[in-house]
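In order of appearance the chains are A, B, C and D, and numbering begins at 1 in each one.
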Amino acid sequence: MVLLEFSMSPLGKGESVSKYVSRSLDIIDKSGVDYRLNPMGTVLEGEWDEVMAVVKKCYMRMRKDCNRVSCSIKIDYRKGPKGRLSSKVSSVESQLKRKLKV
Amino acid sequence: MVLLEFSMSPLGKGESVSKYVSRSLDIIDKSGVDYRLNPMGTVLEGEWDEVMAVVKKCYMRMRKDCNRVSCSIKIDYRKGPKGRLSSKVSSVESQLKRKLKV
Amino acid sequence: MVLLEFSMSPLGKGESVSKYVSRSLDIIDKSGVDYRLNPMGTVLEGEWDEVMAVVKKCYMRMRKDCNRVSCSIKIDYRKGPKGRLSSKVSSVESQLKRKLKV
Amino acid sequence: MVLLEFSMSPLGKGESVSKYVSRSLDIIDKSGVDYRLNPMGTVLEGEWDEVMAVVKKCYMRMRKDCNRVSCSIKIDYRKGPKGRLSSKVSSVESQLKRKLKV
């Protein structure tokens, strides 16, 4: 199963891009793919094609009205079942025997 | 103020690296720098030197017993006050007028 | 047109992963998609689907014998013609009026 | 020794940012640290403090006249001597027994 974190923003639309980020989050939230939003990106969990389809949908929407788009993606594939959206953090917490800021 | 997300792991220490990630989180959690842990990395907030010092400390610890270390860092500097660890997510939620998965 | 840089490596296959990187480069070189290899990754140029298909092919090959795979991808979409594999570097050189190390 | 690839650009300075990228490359080229420029970033080689000092210098220059700056950094530390700016690519070529596009 794949964990994929990505962030995407337009260049040339000013210093504040939250309008464009919100449109992507709307797509992600409605996609049916499980995710977690953080201050620097969104982490999706699913098979390669599922999660990449969400990223592409955000890209296709953004290029409609943006001439330049930057996107960074980080992928962690690991053989095995779903659930790492929660288990990666809790595994660190259980090793340290304390709660961390999430 | 800088938001810096990073993840760091050794190559050549097997498929499971949570022992090494936990050591980094111990350093981060004790650093005094504000942070949020997510399934793909940790987001720090502070001035450039503050947040980079934390990353370097994790690196110095890891290279003690790891011959190869991979690290990816993403930085978002924006002129202005602290607080974007929370405000970036809530700004998207208020634009969409609903809660998202965090 | 999209510029996409990526790097992909297995976790749990030891400290040296050049065997796996070479297999990816073999796929890339035979794909017909234009590219440039550098010490930290490979930059592809093409439409979104074209370049993503190459990345996926490398991923499918790697997961055949690797239980954990890390991949980082950076995308720079800009409306307009092909050719930025060369023109981005030469544009910087012409602004600085000197040759740089490439 | 560390290989560090980075790219840095302002948000809010329009769609074309080559003026700002050129200023960074001027700093890099004059730093004395060995590097290679590619279409998506610049790869530096040196000790952690050396290469990070170059990145910080580019950042300090950019924030002088840019209110928002994005930067992505990828680090590959490996115990051992310098020279991986050239040897990583040539190692792949010798495994594949042919020249690649660089």
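Operating definition for what follows: a contact is a pair of C-beta atoms (placed from the backbone, for glycine too) under 8 Å apart; a residue touches a chain by one contact, two chains touch by 3 or more.
Everything numeric here is computed off the predicted structure, so don't read it as measured data.
Centroid analysis (C-alpha atoms only) places D farthest from subunit A. Across the two candidate interfaces, A-B and A-C, the one carrying more C-beta contacts is A-B. Look at where the CA atoms of subunit A average out and do the same for subunit D: the two points lie 25 Å apart. The distance from the centre of subunit A to the centre of subunit B, with each centre set as the mean of the Cα atoms, comes to 15 Å. Averaged C-alpha coordinates put the centre of subunit A at 21 Å from the centre of subunit C. In subunit D, 15, 67-68, 70, 72, 74, 76, 78 are the positions where the chain touches two or more neighbouring chains simultaneously. By the touch criterion stated above, subunit D contacts subunit B in their complex at residues 48, 52, 56, 59, 63, 67-79.
Residues of subunit C touching subunit D in their complex: 3, 5, 7, 15, 18-19, 21-22, 25-26, 29, 34-41, 43, 72, 74, 76, 78, 84-86, 88-89, 91-92, 95-96, 98, 100-102. Here subunit B touches subunit C in the complex through residues 9, 11-12, 14-17, 67-68, 70, 72, going by the rule given at the top.
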